[in-house]
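Structure provided below as structure tokens; questions to follow.
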Amino acid sequence: MTNDEILAVITGKFPEIQAIPKVQGQARGDELYLSVPAQKLPELCRFLRFDPPLAFDFLSFVTSVDWKDRYEVVYYLVSTLHKHKLVLKVNLADRATPEVPTVTDVWAGADWQEREIFDLMGITFRGHYNLRRILLPDDWEGHPLRKDYVPTPDRYD
Amino acid sequence: MSQTTTPASAADVFPQAPPEKGMFISLGPQHPSTHGVLRVAITVDGETVTSAQPDIGYLHRATEKLAEKRTYPQIIVLTDRLDYLAAMTNNWSYCLAVEKMLAVPIPERAEYLRIIVGELQRIASHCVFLGTYGIDIGAYTPFLVAFGRERERILDLFEELCGARLTYNYIRIGGVMADTPAGWEKKVREFVKEMWGHIQEYDTLLTYNPIFMDRTQNIGLMTPEMAVAWGITGPNLRATGFRADVRKDDPYSLYPQLKFDIPVGKQGDCWERYQVRVSEMRESLKMIEQCLDRIQPGEWMAKLPKVYRVPAGEGYGHLEAPRGDLGFYIISDGSPSPYRMHIRAPSFINLQVLQQLLKGWKVADVVAILGSVDIVLGEVDR
Amino acid sequence: MSPSLSSLVFYAFSAMLVVTAVGVVTLRNVFYSAVSLVAALTIVAGLFVLLGADFLGAAQVLVYVGGILIIMLFVIMLSQQPRDLLQRQTNDQWIAGLFFALTIGVSLVRAFTYFVSQTPPDGDIAPTSASLGRLLLGEMLLPFEAVSLILLAALVGAVVFGQEKNA
Amino acid sequence: MFELGPALHHAFELLRGFAVSHGMSRDAALLLSKIIQANILVLGVAVIPMVLVYAERKVSAFMQARLGPMHVGPWGILQTFADGVKLMLKEDVVPAGADKWVHFLAPVVAVAPVFVCFAPVPFGQGLTPVDLDTGVLFIFAVSGVSTIGILLGGWGSGNKFSMLGGLRAAAQLLSYEIPRVLSVIPVLMWYGSMSLGTIALAQHGRWLGILPKWFIFYPVIGQIAFLIFLISSVAETNRTPFDIPEAESELVAGFHTEFSGLKFALFFLAEYAYVFLASAMGTALFLGGGDGFLLPNGILPSWIWFLLKTFALVFLFLWFRWTYPRLRIDRLMQFCWKFLMPWSFVNIALTGLLVLVRQR
Amino acid sequence: MTLYHCIALSGIVFSIGIYGVLTRRNILGILMSIELMFNAANIALVAFNHYLHPGSLWGQGFVLFVIAVAAAEAVVGLSLVLAIYRNIKSVYTENMNLLHG
């Protein structure tokens, strides 16, 4: 299915989701990019996963970007059956307590990736069964991947 | 041509919190069969494993943070150290992502060289797996044969080509570092001819060894639904009978012109994960032979200005690394260094399935299952 | 072997046997007493060979030292708790026990020697395996089969008792 | 040609005559010669594992496309000697929680039986140290004692894991002792004697001039008995594919991980001495001891033949180690109780029939 | 090395065995002392056979049966001890007082 057909199916079910247009002069892949409000995410993901014509059963990766004024969580979905791709972007305006509902109940593969985002970027995932630091030691302060992160000096006491 | 995947039943696939009952065993981080610094916290009830919680982060070098401070060519050096057993494919995947954003045409000779070198790297990486998995199960000879003899030949070829044996950064943005030295292709052809016999040797030595089969068959079973739900890629996914390979599904470079097929298992047990990797070596040999027949002398580096700027925007390039679907998601703001780079590391995602895969098996099988998933900690911890 | 040499060896063996037997009974740590029991039984096997029963000596080592005592060590290792080392190993009526043991021992020896007046000469030493085998399957066939039944019963009993209740 | 056996007897006769003529009583002279013979045996048994360790390193090297030890001495011959010295100089670490006495006793109990077991083995014509009438039973009985050494090792090291390793190793040795004894019974039944010397002697001679009358060439019973004996001997000596004790396969360190220096060397010596003992028994029982084949007998003395055949069997042990992976503990037990033992009973029954037929 | 010496030795070991049975608190100690008593009897049997009836081997045959029965007794006894230990977590005889009512 081409990007426009996918977009049509999705906007049919979720009117308020719209695609992110391709800006002239900016490099971008040929996938369809969607901007999704945080609270609609679980419902949309379940629809994308179990709806037969879409069948996005493979979550390639989840990552996060710190745009200095807002956070952004990116989901890269692939349908192994129809071979089409989709990128979901969730913007989190409030910088104090960024929070996104978890998708581990739809794709189990997101389990550690969400924990890594929580560990390195500080975005909490509501409903994650085991949300604690995965890469850094448990008593580490701060989230390194944030642009405003000041590395604490190594302490060898 | 992959089959449909039925929606995974929630119960057995999704992770649950570990139960409290049972004796606690900590396997690692210093342990002979965890292939690097990985600790697996296992709770055991009698002889069977009730829960397993891999604990990673011992080799975390914050590659993604470092990348934000380096220019695009400098990052190639970082990617070597991700999956330190397959540095060639790491470089290639990163260069693919950047070239997709730069939209620069790559000369044909460079593409053929990249495929030859990539497939040689896949054989070398599978040789390491074959050797260490033999030791996990208790057979010491395959290690010396596969790791000692075959991989050394490949490393010698790489050393002749780019001067390094482990961190090559031979593949550059826009092509390859340098042309092949004289007689290099002849040496590769000789190696490929000999390698056919050696793979036959592995079959008799280990694959069809009754005790090896007894230790690995029907152990650590994985269904296609569970594999896709957990995001597993590479030989582990194909062993479950699910035909998925980036070289076929999302072709890059000149793979569409090559004739090769994808070895697939049936029930996703340890033996099939091992068997798929050995047959993949044969496919790689076929590809190298085809590339060697087609390669002609010519341009090996695209015309790129000394200091080039990647246009603002984002791009995701990925390829079939020996351990699975390795991808680089790069966001650039037009400056010489990327604004943000995320690495889709196959070992990191393949490793989380252990929480589910180890449940219910005996303690003696933990080592067999962990070895068969074939993870590299450099890629897991990034 | 000439008489003087064999009696010398006999005295050495019996001295060691008595020492290890006392060790079995009095050592605080049960594990140590098990090890001294191993020593005691091997010496008993040596005594059998000295008294011309070479097949018996080998059988004794094979069955006792190579079998029963290993299982006994198993059970001791499984049931040993750190606090066992501190407690007294003998209960309070040990004086009465000592007196009783002495009377039994002396009266037994007196009884034996009473019936056996003269001390017969030393018999010759000959290999006994073949004749012992013929004897066991000849006249002693009934007890031989009976013992195999006893062993079977013991085997079944051990399995029944050893099973985990919730297994 | 130059048989060593009679020559040694003659030498000891001279010695005894010399001692008696110098005022020593006959008994003392006899005792003296027995002690000297015992020392020669102990020395031999101590040297053989050195040779075996070197052989293992060289054989495994050639099987794995490498050269093995080459530096110490020509072709690395002195390598084992160097290892021995190194182990002696290593500090003997006794873990804090360990039981000092048991930790000291374990290697002793594990090694001592090996020296005793070599007494009834017929190294050649007239070269049997002590031709016991109950030879085979004696060897099995005394080699059972070393299992206790392993248990003590497990218990003496203080840590929970090596105790579990010790228990598992003892369980494996106990259960494989039974098929090993049962596999040898057909040989005893056929030759009607337990003394290794007589059994080896009875296997001299030829069928139809060419096939030597060794027990292994007896139609069915010979091969089954030999195979079961070989497999259970591999298991008895804790070697691959049955090397559960020192395998990391189930997270448990082997029972002898807490031993270093000379104590570890003793465990090492015990393992290789048992490999040699098992092959020596295999040669004596199944391959006709000092009986030569092909060459007209007389060219090579019998003890050379015996050593040749024993080293052939030792090569088999080494070969197994470097080709087979490790069995899982429960499969190992199942293999013993459900495969080896029934087959050995069948073999005994078959031999019984053949013995009856022979008597008709 | 006469019959009298053997009988004396057997008597001494037997009395040591009895002392052990009567005074050991640990049930495993008692089992071991019983093994001692069995062996004392065996020594006496072999001695009698060797000195009084050198020709026949009835004494040694009988000792074989004693060893077999002792093995059976020890195995059952040990599995009982293991079962008891599993329930009351102790191998001391005075803790086994469930039937004292």
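A few notes on this one:
Should a chain be cited, it is by its letter among A, B, C, D and E, assigned in written order, with residues numbered from 1 in that chain.
We adopt the following convention: a contact is a pair of C-beta atoms (placed from the backbone, for glycine too) under 8 Å apart; a residue touches a chain by one contact, two chains touch by 3 or more.
All values derive from a computational prediction rather than experimental measurement.
For the pair chain A and chain D, chains touching both partners: B.
Ranked by number of C-beta pairs in contact, the top chain pair is C-E.
Greatest centre-to-centre distance from chain D is found for A, with centres as Cα means.
With centres computed from CA atoms alone, D is the chain lying nearest the middle of all the protein shown. On a Cα centroid basis, the chain most remote from chain E in this structure is A.
One finds 33 Å separating the Cα centroids of chain D and chain E. Computed centre separation for the pair chain A/chain E is 75 angstrom, with centres defined by C-alpha atoms.
With each centre defined as the average position of its C-alpha atoms, the distance from chain B to chain D rounds to 47 Å.
In chain A, no position touches at least two other chains. Among the residues of chain C, those touching two or more other chains are numbered 55, 59, 67, 74. Taken as a contact graph, with one node per protein chain and an edge wherever two chains touch, the assembly forms an open path, each chain linked only to its neighbours along a line.
By the definition of touch given earlier, these chain pairs are in contact: A-B, B-D, C-D, C-E.
Within the complex formed with chain C, the chain E residues making contact are 1-9, 11-20, 22-26, 28-29, 31-33, 35-36, 39, 42-44, 46-47, 49-52, 54, 56-58, 60-61, 63-65, 67-76, 78-83, 85-86, 89-94. Those residues of chain D lying in contact with chain B across their complex are 60, 63-66, 240-241, 243, 247-251, 322-331.
Residue ranges on chain B touching chain D, taken from their complex, read 25, 27, 31-33, 134, 136-141, 144-145, 148-149, 205-206, 209, 211-212, 214-215, 362-367.
On chain D, the positions that touch chain C within their shared complex are 26-27, 31, 99, 101-102, 105, 132-134, 137-138, 140-142, 144-145, 147-148, 151-152, 154-155, 163, 166-167, 170, 174, 177, 192-194.
On chain A, the positions that touch chain B within their shared complex are 23, 25-29, 31, 49-50, 55, 57-61, 63, 65-66, 74, 76, 80-81, 83, 104-105, 107-113, 116, 120, 129-130, 133-137, 144-145.
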